[in-house]
Amino acid sequence: MTGTTDSPAEPVIVLEQLVKFFGRFAALRDISDRFAAGRLYVVLGDNGAGKSTLLRVVAGLMEPSQGSVTLLGTRKLREVAHRVGYMGHAPLLYDELSGMENLRYFAGLYGLHNDSVGSNAMQMVGLDPELLRRVGQYSQGMRQRLSLARAVLHDPDLILLDEPFSNVDVHSARAMAAVLGHVRDNGKTIVVVTHQAALIEGVADDFVHMSAGQIVRREAVLRRAVTTNSGAEAVR
Amino acid sequence: MKQLFIAFIVLTLGLLAYSTYQALYVAPTEQTMGDVQRIFYYHVPSAWTAGVCFLVNFLASVVYLWKRNTASDALAAASAEVGMTFCTIVLITGPIWARPVWGIWWTWDARLTTTLVLWLIYVSYLMLRRFSAGGQTQVLAAALAIFGFVDVPIVYMSIRWFRTQHPSPVMGGGENSGLDPVMLQAFFWNLLSFTCVGIVLMVLRYRLQRLEENVEAKHAAVALQGGSR
Amino acid sequence: MTTLSVTRATLHKDLRMEWRSKDAINSMLFFALLVVVIFSFAFNPTAEESRSIAGGLVWVAFLFAAVVALNQTWARELRNQVLDAYRVSPAPPNALFVAKALGNFLFVVVLEVLMTPLFVVFYNLRSVGPVWQLVVVALLGTWALVVNGTFFAALSIRTRSREIMLPLLLFPISIPAVLAMVDATTSILTGEASPDFWIKMLAVYDLVFTAVCLLLFESVLNAE
Amino acid sequence: MTTLSVTRATLHKDLRMEWRSKDAINSMLFFALLVVVIFSFAFNPTAEESRSIAGGLVWVAFLFAAVVALNQTWARELRNQVLDAYRVSPAPPNALFVAKALGNFLFVVVLEVLMTPLFVVFYNLRSVGPVWQLVVVALLGTWALVVNGTFFAALSIRTRSREIMLPLLLFPISIPAVLAMVDATTSILTGEASPDFWIKMLAVYDLVFTAVCLLLFESVLNAE
Amino acid sequence: MTGTTDSPAEPVIVLEQLVKFFGRFAALRDISDRFAAGRLYVVLGDNGAGKSTLLRVVAGLMEPSQGSVTLLGTRKLREVAHRVGYMGHAPLLYDELSGMENLRYFAGLYGLHNDSVGSNAMQMVGLDPELLRRVGQYSQGMRQRLSLARAVLHDPDLILLDEPFSNVDVHSARAMAAVLGHVRDNGKTIVVVTHQAALIEGVADDFVHMSAGQIVRREAVLRRAVTTNSGAEAVR
C-alpha cells in the first residue's frame, strides 16, 4: 500500500486479503487496498496481471476465493448494485436494438422509466439520441461510447471500466476521457483499466500498477490543467 | 423495348381472361369428379410454370458462378421467387382437389412428393438469400441452387420406387390419355396464359431487382463523389 | 412489483428483437415442417397405424424443434456478454427467467399451432377423443418442456460445447414429461383409454419443476 | 500431392483437437443414447412392429446426431477466425473440404458403431437379411449425410442464425438419401424385399454429390 | 498521393482506383497508391476509416468492388499467397492446440514440414517453443505474439498486420515492434494498422493516414536511432 492517497471520506472500495483462484492458478494474490471517493483511478499492468479479474470481483460478477470486498460501506454487493456502473471488455449491448432502445431497457433494470435518462446519457457521451441505426451497425468508437453511456446511465457513485479505449481511435478516446473527467468532477469514483495510459493521464488522479495478481505500486498524479502531449499526438 | 413489354403484359392479361373463361365456362364438367375437376386448369399449368422458373434459376446460377455478373444473380433470385409462388399454388390446389376426389389431403405419391421436395429446396434457397449477408449471398445461393437442381431428378427417381407395396391410387385414371378435345383446348389456353404470367412476373421481379441495384449504384456513386459522408 | 415490470420489459424487448429479425420464427417454422416431412419419410404413416405412433412422433418433433429454439434465446443474451449487464444491475434474477420462459412458451405454442395442421394433413389424423383435452395436454406439456428447457439452456450456454449441452441436460429430466405427453396424446387420439391420469401427472410435473427452477435460477445466473 | 499432405495435416489436427477435448464425441454419444431412450418411450417398441419402424428410427437418430456434430467442425474453424488463416495461405481449398468430410465421416461412423448395440437392445432387433449389407448401407448412407452436411455447414456458418441454418439446407437435399437409407435398412431387417436398388441409388447419390461439393467448395470458401 | 516516398525498386503493393462497397456504403473510396519494398508502413485513422477493409482486400480475403490490387507484380493474389503474411484483428489460432502445434499446422499449409520453422518463429517473437500450454490458456500478450509468429512463419516478403497491439501491454507491444523492425531490416515490407502510433513510431518508415475510406496523407519518418519517449512511457 505504498503511496496511497488518503482521503477524509470513507473509502468507496475496501479490499481485504482478496484472493482469486482459477483452478490452481492465483489470478489475484492477497490484495488489500482501499479506493477513496471522488477520484479517478487508472489501473495499469501487463497482460494477465489480473486487472479484469479484479474489476469483475469488485463488480460482483465473480466471487472471490478468499477475502472480502466492501463497496460503499457494505459487503452485500447486490444491495448497492444500483450505485455501481460496470463496463466490460465486451460492449454489453444488444446489436439488434437501437441506441435508445438499449438504454431504455437497461434503465428499466434500474427502475428508471423515464426516457430522458437515456437521452441524457447519450448526449453526455456525444451521441445523438434520435439515431435510429441499430447498434450492430455502429462503428467501434460509437459502440464504446454507447457502452459508456450504459454504464453511467443510472448516475452511479462508483464506475468500473475495463479497457474502454481498446480499438477506439484517438479522437473518440480523448472524448471519452473528457467525459470521465467531468463525471469525476461531479464527485463520482471511477476505476479505469487500460493499457493506454497516455489517453487518460490528463484527467487521472491515481495510477495503480498491478503485476502478477498484486497491486505493486500506486502513485497520485498532480492534476494538470492541460492535456499532455503524448507520443501519439505528436505523430498525427 | 419498354413498349413491347407493356404490350406483352396487356396480351397476357387478355390471355388470362380468355383462358379463365375457357376453363370455367367452355370446358365441359367432368362426369365423375364434377366441377372440382376444373382445378385441373390451374393446377397443371402452375406446375409447368414452376418447372420453367426453376430451370431458369438453375441456368442463371450456373452462369453467375461462371461469370459473376449481377444480372444473372438477379434473374436467379427473381425466378426462384416466382417459381416458389407457382409451386405453392400447386401444393394448395392439389390437396384441395385430392380431398373430395381421393378422400385424403395427401399421399406420398411420386409426383406429389417431388413437388413438395422441390418446394422445400427453394424455400431453403430463399431463406439462405435472406440470412446471408452482403457480398457472399450470391455465391452461396448459386451453389445451393445447383445442389437443388441436381437433387430433383434423384428425388423423382427414388420416389417412384418408394413404398411400392402401397401403390397409391393417384394418376391411374389418366385423364391425359382420354382428355376431351374441348378440355384439351381449355387446358392449352391456360398453359399458355400461365406461362406468360410467369414470364411477366419474372421480368418484373428481375427489373425491380435491377432497379434496386441501380439505386444502390447511384447512392454509391454519390458516396464516392461526395467529399465526406 | 419491480419483478413484474422487469419481466414485462424483458419480454417486450425479446419480442421486439424477435419481431425485428423474424429469423428465428421463420427458421423454426421451416425446421418444424422439415421435421414433419423427414419423419413421414422415415415412418411411412399409413392411416391405420399412424394414430398409434402419432403421439410419439408429434412430441419428438416438438421436442427437437423446441431445443433448437431454446438455444437461441440465451445465445442472444450472451453475444456481447449482455448478460453481465443484467447481472450487475439490481434487477431480480427471477424476472429474467420468467420473461424468458414466457417468451419461449409463446414461441413454442405458435410453432405447435402451425405444425399441427401439417401433421393432420400428412398423417391423415383425426381424433377420437375430445379436442379440448388435446389442447390441455399440449399447453401443460409445452410448459413442461419450456420451463426446464429455459433453465437448462441458461445452464448450458456457460459450457464449452453449448448447443449440444442443452439436449443432454434437458432430455433426461424431461423423460417423465415426455412419457406423460405421449401417452395422454395417444389415449386421446385413439380414444382407447382415459388421459386423466397423465394430465394430472403433467400438471404436478409442471408445478414441481417451475418451483425448482425459480428457486435455483438465481444461483445459476450468478455462477461466474 | 500437396493437396494430399494438407488434407492429412488438417485431418490430423482435427482428430487431435477432438481427442484432446473429447467434447464432441462424449456429448454426441450421450445425445445418441438419449435419442434412443426418448424414442423408445415415445414409440413403445414391441417386438413385432419394431422391425418395420426401426430403419426409420435409427436413421432419424443418426441424422439429428450428425447435424449437431457437423456444426461443431466448422464452428471450431470460425472461433478465432482461423479460417482466414487458411484462406490467405496457398493451400488448396478442396484439401480442407476433404479433410473435414473425412473427419466427420469417421466421427459419425464411430457414433453409429456405438449406438447400434443400444438400438439392438432396446428394440430387440435381429436382422433377417445379411448383416454385411447393413454395413454397406450404413457406410454409403453416412457418407451421403456427411459430404453434404460438411458442405452445407461451411455454407451456413457464413449466415446469421448459424446453427439452425444447417438442417434447413441439409434436410431438403438429403431427402432422397434418407429415403434410400431407411428403405434399404428396413428391407434388410425384415428380409421382405431386395435392398439392391436402394444401395445402387445411394452409391449414385454419393458420387454425384461428392463431385458437386468438390466443384463448388472453392467458391463457397472464398465468398468473402 | 502526397508525400509518397519514391523507391527505386518495383512497388510491392499497387492499388488502382480501389473501391469497396458494403451495400451502398463505400468503405474504400477510390484509393490509388503504391507501397515500396523494404519499408514499414503504419496506417492510422479513425474508427471506420476503412483500414481493416483495406488490409483484407490486399490480403485477398475480400474482392474489391472496383479497381485492382497488384501484389508483388501480379494481380492473381493466390499465386503470391506464399509470399504474403496476414495477421487479423482476431488471433487466427486454435485455442485447443499448443503454440508449436499451431505453427506446425500452419507451416504445413505453406508446404513447410520442418519443425525448425515453427520454433524459429516462436523464438523470434520471444516465446519458448517448448511451452506445452494450449493457446487458450495463453495471456492476451502471448497470444498476440504467437499470432505474429504465425504471420511471419513462412518468411513472407509482405506482412500485413491489423491492430497487433490492441489489448497488449506496453512491454509486449514494444517487443513486438522491435521484432517488426528487425524483419523490415531484412528487406521485408510491412504494413501495420494501429491506433497506438506511439508504440511503433521508433521503427516506422512511413505514416499513412486514412479517413473516410481514402488515404488522405502520407509522411515519411526520419529514422531515429533511439525509441521516442511516449506519453505512456513517461507515466510508468
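Here the chain labels run A, B, C, D and E in written order, and each chain numbers its own residues starting at 1.
The rule is short, and it goes like this: a residue touches a chain if its C-beta (ideal position, glycine included) is under 8 Å from a C-beta of that chain, and two chains touch if they have at least 3 such contacts.
Note that this is a predicted model, so its numbers are computed, not measured.
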Minimal path length between chain A and chain C through chains that touch? 1
Spell out the chains that contact chain C while also contacting chain E. A, B, D
Looking at chain pairs D-E and B-C, which one is connected by more C-beta pairs in contact? D-E
Need the most distant chain from chain C, centre defined as the mean of C-alpha atoms. E
Chain at maximum distance from chain B, centres defined as averaged CA atoms: A
Roughly how far is chain D from chain E, going centre to centre by Cα mean, in whole Å? 40
At what distance in angstrom does the C-alpha mean of chain C lie from that of chain B? 35
Could you put a whole-Å number on the gap between the CA centroids of chain B and chain E? 50
Just give me the whole-number Å value for how far the CA centre of chain B lies from that of chain D. 32
If you look at chain A, which of its residues touch at least two other chains? none
Tell me, which residues of chain B touch at least two other chains? 120, 123-124, 127, 131, 134-135, 163
Which chain C residues reach two or more other chains? 21, 23, 27, 30, 34, 37, 41, 44
On the basis of the stated criterion, which chains touch which? Give every pair. A-C, A-E, B-C, B-D, B-E, C-D, D-E
If you look only at chain C, which of its residues touch chain D in the complex? 21, 23-24, 27-28, 30-31, 34, 37-39, 41-44, 53, 55-57, 59-60, 63-64, 68, 71-72, 160-161, 163-165, 167-168, 171-172, 175, 178-179, 182
Per the contact definition, I'd like the list of chain E residues that touch chain B in the complex. 19, 21-26, 29-30, 62-63, 212
Complex contacts: residues of chain C adjacent to chain B: 23, 26-27, 30, 33-34, 37, 40-41, 44, 46-47, 121-122, 124
Provide the residue numbers of chain A that touch chain E in the complex, in ascending order. 44-49, 139-142, 163, 166-173, 195-198, 201, 207, 209, 228-236
Quick one: which bits of chain D touch chain B in the complex? Just the residue numbers, please. 148, 151, 155-156, 158-161, 165, 168-169, 171-173, 175-176, 179-180, 183, 193, 197-198, 201, 204-205, 208-209, 212, 216, 219-220, 223-224
